[in-house]
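The structure that follows is given in the form of structure tokens.
All chains are identified by letter, namely A, B, C, D and E, in their written order; residue positions are counted from 1 within each chain.
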Amino acid sequence: AEVTDATVAFLMPDQASTRYEQHDYPGFAAEMKKLCPGCKVLYQNADADASRQQQQFNSVISQGAKAIVLDPVDSTAAASLVKLAQSQGIKVIAYDRPIPTAPADFYVSFNNEGIGKAIADSLVEHLKALKVDPATGGVLQINGSPTDAAAGLIKKGIHEGLDNSGYQILAEYDTPEWAPPKAQQWAGGQITRFGPKILGVVAANDGTGGGAIAAFKAAGVDPVPSVTGNDATIAALQLIIAGDQYNTISKPSEIVAAAAANVAIKLLSGETPKAEMTLYDTPSQLFTPAVVTQENLKAEIIDKKINTAAELCVDRYAEGCKKLGIGN
Amino acid sequence: MSRQVEQAAPVPPQLDRADVRVKHEAGLSGAIRAFFDRVRSGDLGSLPVIVGLVIIWTVFASINPIFLSSSNLVNLLFDSSTVGVIALGIVCVLMVGEIDLSVGSISGFASALVGTLWVNQGWPVALAILAAIAVGGFIGALYALLFNRLGMPSFVSTLAGLLAVLGLQLYILGSTGSINLPYGSNLVNFGQLLVMPKIVSFGLAAVPGIVMLITGLRTVARRRAANLSAPSTGGLVTRAVAITIVLELIVFYLNQARGIPWMFGLFVGLVIAMHYALTRTKWGRSMSAVGGNREAARRAGINVRLIYSSAFVLCSMLAAFGGVLSAARLASASQQAGTGDVNLNAIAAAVIGGTSLFGGRGSAYSALLGIIVIQSIASGLTLLDLSSSLRYMITGAVLAIAVIVDSLARRSRVSHGRA
Amino acid sequence: MSRQVEQAAPVPPQLDRADVRVKHEAGLSGAIRAFFDRVRSGDLGSLPVIVGLVIIWTVFASINPIFLSSSNLVNLLFDSSTVGVIALGIVCVLMVGEIDLSVGSISGFASALVGTLWVNQGWPVALAILAAIAVGGFIGALYALLFNRLGMPSFVSTLAGLLAVLGLQLYILGSTGSINLPYGSNLVNFGQLLVMPKIVSFGLAAVPGIVMLITGLRTVARRRAANLSAPSTGGLVTRAVAITIVLELIVFYLNQARGIPWMFGLFVGLVIAMHYALTRTKWGRSMSAVGGNREAARRAGINVRLIYSSAFVLCSMLAAFGGVLSAARLASASQQAGTGDVNLNAIAAAVIGGTSLFGGRGSAYSALLGIIVIQSIASGLTLLDLSSSLRYMITGAVLAIAVIVDSLARRSRVSHGRA
Amino acid sequence: MVDNPDGPVPTGELVLSLRGISKNFGAVSALTDIDLDVHAGEVVALVGDNGAGKSTLVKILAGVHQPSSGTISFRGKQVALADPSAALTLGIATVFQDLALCENLDIVANIFLGRELNPLRLDEVAMEVRAWTLLNELSARIPSVRVVVASLSGGQRQAVAIARSLLLEPKLILLDEPTAALGVAQTAEVLNLIERVRDRGLGVVIISHNMEDVRAVADRIVVLRLGRNNGIFTPDASNQELVSAITGASNNSVSRRAERRQAQQDQIQEPRP
Amino acid sequence: MVDNPDGPVPTGELVLSLRGISKNFGAVSALTDIDLDVHAGEVVALVGDNGAGKSTLVKILAGVHQPSSGTISFRGKQVALADPSAALTLGIATVFQDLALCENLDIVANIFLGRELNPLRLDEVAMEVRAWTLLNELSARIPSVRVVVASLSGGQRQAVAIARSLLLEPKLILLDEPTAALGVAQTAEVLNLIERVRDRGLGVVIISHNMEDVRAVADRIVVLRLGRNNGIFTPDASNQELVSAITGASNNSVSRRAERRQAQQDQIQEPRP
């Protein structure tokens, strides 16, 4: 059956990065508009509060949502939301983070654990390429918030990447609330502690990575050891251009969001969307994000039109851009 | 004795009506006139907050009528109950002029405890809940000890507690991250589904009016017998009937959807019990006295330390219980439970409802009213598609508006010489 | 006049030494004896917090000697300066018995403003900073308006502000998320690298002692002339020398590493200025008076509203300035700036340092001491490899320990009849 | 408001004049239709039972409360005393019954509150000297002026409050039970002081429950009863008269007590010689 | 502590006995080596200059402060008054100079504070009736007992504080300037009351600056000066004697003022007839 006027909700978890409001939601809304101009999209962000997400979930049901795309704040707590919705015949599409204990109707995501592993692997390869001797030191690991499930996944992935890499983890830190100043302070402490033994830093997102870079700069360490990131924020891309940050992860969320919109429409019209695999008993479609370094920044970001050269190459970064062949 | 002799006027009929300077209003019309007098002089109790609430509701409903749909309101009641219970504990510590910044952590820790003990260790659920509440009480006792024996300001001790208890929560959840409470278990049903049968809710809604009438009439009789002035029976009956009608209408409306959550019923029950304890018992009197003038209370022979201890312990126990309810509501005990703005919301609810941060002035109802204000704002805004930045700004503005009415009323009270 | 006649004793030499009941200690040995008397009776000022700090430092240093390495201490000073400036503003509002819960949001908003105006819009950096501070002041003026005109409790208005300003911050950062402040720019260098030349730092470390000596001697002379008792010159010199030696030693030690950050110098300068303003000016006197007894201050003809306004505006301006410094420190203006525990840390710093939450008692130095306690704990723990759960627990415990000494001293003061 | 508020006040001029002042607190009418005149160089005593409204009247004159109705004229001009600083600016100094001191500040700070010398760099030495002078004038027994008011005895606090009011050069001084907590010597000094102040041409309003003191210093005694004017007496009115006006009955506890004591003493003396 | 604290006190028994009580506040010695005895059925007046230490002594007896040294015996047994409730349990009721009322509570609640009727379901009606009875006994003029103490006049508050102390059945009553803020009628009632209480065999300690009242009710007058015992007088001691003991000099402000007034009156009277 053709869907013409359904209400679909898009529930995002937090503000920790801008992607949800800058990329995911616009991407989702645009795709919905294309697929079903008469449909209504409800957007909510739970600001990292599981109870608020529950409230928003109930609220969109009151508003007549027939399909809900849910990026859970708390994957466990989301189980009851899934059950609640399904008991009323409402479709739930898990988005970004899986809901392990209650199979949703579909799961679309970038692979968070994969992200963690990817940035760690990328850093390790880089160090090996530079022929950095593992015996001379190790790397720091900066994780996300200790109370954030997604951070837990990334942390797991980073460990996977580092544990058998030959590079020892000097110290590890769960950054409360992903706060960059905390990451900076912690990194500052490690710099006094380990000094030149720090060969690189695996940071779970661009904010904490930026904090680590600031710590190195503040300690007068030059050059700054390689620092990873994740999310491809403009600020991080600029740091990569300037050579201060080593890598980040580009997650053109629009792709996933569009996929979620497709799945939603399919589910609503009674079709079964095509699944690549089954995760936690849920038919799933996972996208692998791209690691961005100086080498592929132009290809991954500019050429794929995720950001424009004009956005990135403001005055101070113009020179770096030129070196990477970005802009005019 | 000497009074009557000195007074030139004819012997006044009642002990408390002897002073010629006081205007007394009699009968029903008098009661109404007295009410308007009070409105003008700003002595209004919780009325201003209710007015603020009505304004907020009207605005939200006019933007999106779903706000007032009974199913949305039922959800609102579910959501209010969990933090509301915590706010009730906050009222206790605020009454004695102290604060507890760690209620969020304690609630999260309690939910983690219930999760581990019940789900992972297989304890009976009731025992797990009791254990969580007991642990909460123990933490409160610790604060009381630090306060009474070492004189540590509660702001500092509970700030330390906030961190330490959060650490404990992460620690016991460490291996699993978060724990599912079994969907379909009584506890989770209680937190998510259970509503009162219609007949029960109608019955309960009649109780306040009836109790008011019975105790009111008894008091009138006793006061008359003791040669004291007494409110008019007419006014009493009118008030009881009015309250019953309003409550029954609310219940009727909510019964259009799922009905009144038992969890909300429990919360209101706790509020009423706390109100009784604060206003009608020696303990409650001592709480106000200690909050108003600690030294005077001590000189009156009140065991000030015991009162502080009771406040801290009660607050922590209610926080723990609120945590259990949140876990039931979410069907999960997670590392995030109790973090975020639980603390601030609980304290804000009490303050918005009219409990003073400086002690000695407050009411159990402030927790109920305050949390409904806060949750109404949250619920109303979820019905609008707003970006987070706008949502924050509007939440702030609406919060301010909700309290402006109350602040203005209080100001007018002060300018009329009632502090 | 009548006094001397009545006193049977020989005419007392000094106006303030006429009462026979007061023991006075004279000379250097007397000063020392008086000091120990004060220690015993618990009247110690900030000494107990310093003792708590020393305990913490000793423990951390014994676990990991790097803690006391001068380079770690220099980091500590950098980190302390940003939140310290915010805590200084909190001291202002606490002095008048109010609170500002939105300092975190304001600081984040200010850093976002500087980021947008300077980096994105190309304003000159100084202008951008001034604009951010001005906007902070405007927000404070708004709180003052709500407080003075509508009587809204500052807890509520600043809670609303916390949300609204956070919304503004997200809004202006909306399109970019976070903004890099350019490495190598003066502002970022100031926040990360700039330290005083050794000679300057030694010079500045001598200033307090010299100023103390000069003003002390002047006061002694004036008091002698006015027939008032005066402290012994010997004690004065001893104290000035002791302070100078201690400061020079600290500076010497820190100069082993990079030296004293200019940012910390700025913070200390602000603390000293605020201390002067609070203790030596009419405005400061009025602040204490309003915080201690608002009605008495009003009856003394103090413009109470103006005082409240100045407190709120100053607090918000310092919060904004602290935000700018944090941005400089981090070389970035992000959506997370000012969220998390900035609020709580700033308020806690002031309270831990000894400023009362209830108004009328406090000191600018409490911001300095308190923030150093808090940052020492954080810094000490970064040097240990701990899981988050342990980290939280230990932070809580250490915080409690840091304050226990102070609490005990205060208790002894109370039991000696000094409230 | 007043053209020349700082000009000298000729003795006998009408400094203050109240007409029809009323004040309600909620349902309680604390003052009803009060009239009162105070002239320069005159001590007016305001007496009345507890709760008669004396302090309320003083607070209205000090700008603390606003009257519900009625007019206040100061030196011939009608004035609105919107807040205490308005009253202070006009030259009305007040010693409040509840003293209105800041317990957390020391004595010097309290005495000079709002009128500190050298606002940008407080002149502590000068203020301390002046504080000692004022307190010694009142014979106050104070160990140190650098202790907080919270640690003072009741009488010491009252002395501080009185010292405060002497600092300013006022036109009118309102003293609400200034000697209630004072010792015998201090009371005598305050009475002396009132006389000196009166002789300097100031208007003085004093409230007291001590009829002896009232008669000693007052030029006119105004009685309030239950918030209303209840007669004006001269100092040579008998105690009996005054007490009747205050309590509203000639057969009152005071007279009864006096009678009973008289009777007892007669009994005791009878058996003796 | 006391074997039979509730037994009746035979008149004349030594109720309270202080030996060598001292109290230091930091560098100030508020009390030095104070001795004091109070017998059952006796009214002891404690007089002294401002800051002489009277209230400090009362606070020590009420358990508010702990003495720095010295011993307290109550009904023959040495006792430690660790806190106010210990003193209350022994049967020592106190009216404090600063009243120690909770401003945020109403009059009834203040009177019954700590001694509420029916702790689990406060009997408000009975308490209100009792409050009115007590206040009427004191002739207090109070519009309503259901207003908060913050809105009362100074005298009304004092009446409430006195009413509080009458509730309990004490063995010893300490009154710290109980009549300072009271009107003439109320003062008379309080003096009556003290006599009634004394006649019931209670010990009473009263502090007052009003020598007339002191002489009217006291059986013994104990003078403190600068924190030390400075003589014990009988009520028939002359004003002159008492004032000299209080101020420590026979040439004091009181005597000078009396002389001056005498001189003035002589002057005035001379030209007349």
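As a convention for this text, contacts are C-beta pairs under 8 Å (C-beta built on N, C-alpha and C of every residue); 3 or more make two chains touch, one makes a residue touch a chain.
Values in this document were obtained by computation on a predicted structure and should not be read as measured data.
Asker: Any chance you could name the chains that touch subunit C and subunit E both?
Answerer: Where subunit C and subunit E share a partner, that partner set is B, D.
Asker: Quick check: how many Å separate the C-alpha centres of subunit B and subunit D?
Answerer: Each chain's C-alpha centroid was found; their separation is 46 Å.
Asker: In angstrom, rounded to a whole number, how far apart do the mean CA points of subunit A and subunit E lie?
Answerer: The computed centroid separation for subunit A versus subunit E comes out at 75 Å.
Asker: How many angstrom lie between the centres of subunit B and subunit C, each centre taken as the mean Cα position?
Answerer: The computed centroid separation for subunit B versus subunit C comes out at 36 Å.
Asker: Multi-chain contacts in subunit C: which residues touch at least two other chains?
Answerer: Residues 2, 6, 19, 21-22, 170, 174, 387-389, 417-418 of subunit C touch two or more partner chains.
Asker: What residues in subunit D touch two or more of the other chains?
Answerer: 25, 28, 139, 141-144, 151, 189, 226, 247, 252-253
Asker: Going by the contact rule already set, what residues in subunit A reach two or more other chains?
Answerer: Correct list: 15, 21, 146.
Asker: Check the chains against each other and report every pair that touches.
Answerer: Pairs satisfying the touch definition: A-B, A-C, B-C, B-D, B-E, C-D, C-E, D-E.
Asker: Which of the residues in subunit C come into contact with subunit A in the complex?
Answerer: So the residues of subunit C touching subunit A come out as 64, 66, 69, 71-72, 75, 78-79, 82, 119-120, 170, 173-180, 182-183, 188, 191-193, 258, 326, 329-332, 334-337, 339-341, 378-379, 382-383, 385, 387-389.
Asker: Quick one: in the complex, what on subunit D touches subunit B?
Answerer: 25-30, 32, 65-66, 226-227, 247-249, 251-253
Asker: Taking the complex as given, what residues does subunit B use to touch subunit D?
Answerer: Residues of subunit B touching subunit D: 2, 5-8, 19-24, 34, 37-38, 41, 43, 415-418.
Asker: Quick check on the complex: what are the subunit C residues that touch subunit D?
Answerer: 1-3, 6, 15-16, 19, 21-22, 219, 222-223, 226-228, 280-283, 285-286, 288-289, 291-293, 295-303, 360-361, 417-419
Asker: For the complex, which residues does subunit E have touching subunit D?
Answerer: Going through subunit E, the ones touching subunit D are 25, 28, 48-52, 54-56, 97-98, 139-144, 151-156, 158-159, 177, 180-189, 191-192, 209-212, 216, 226, 243, 246-247, 252-254, 256-257, 261.
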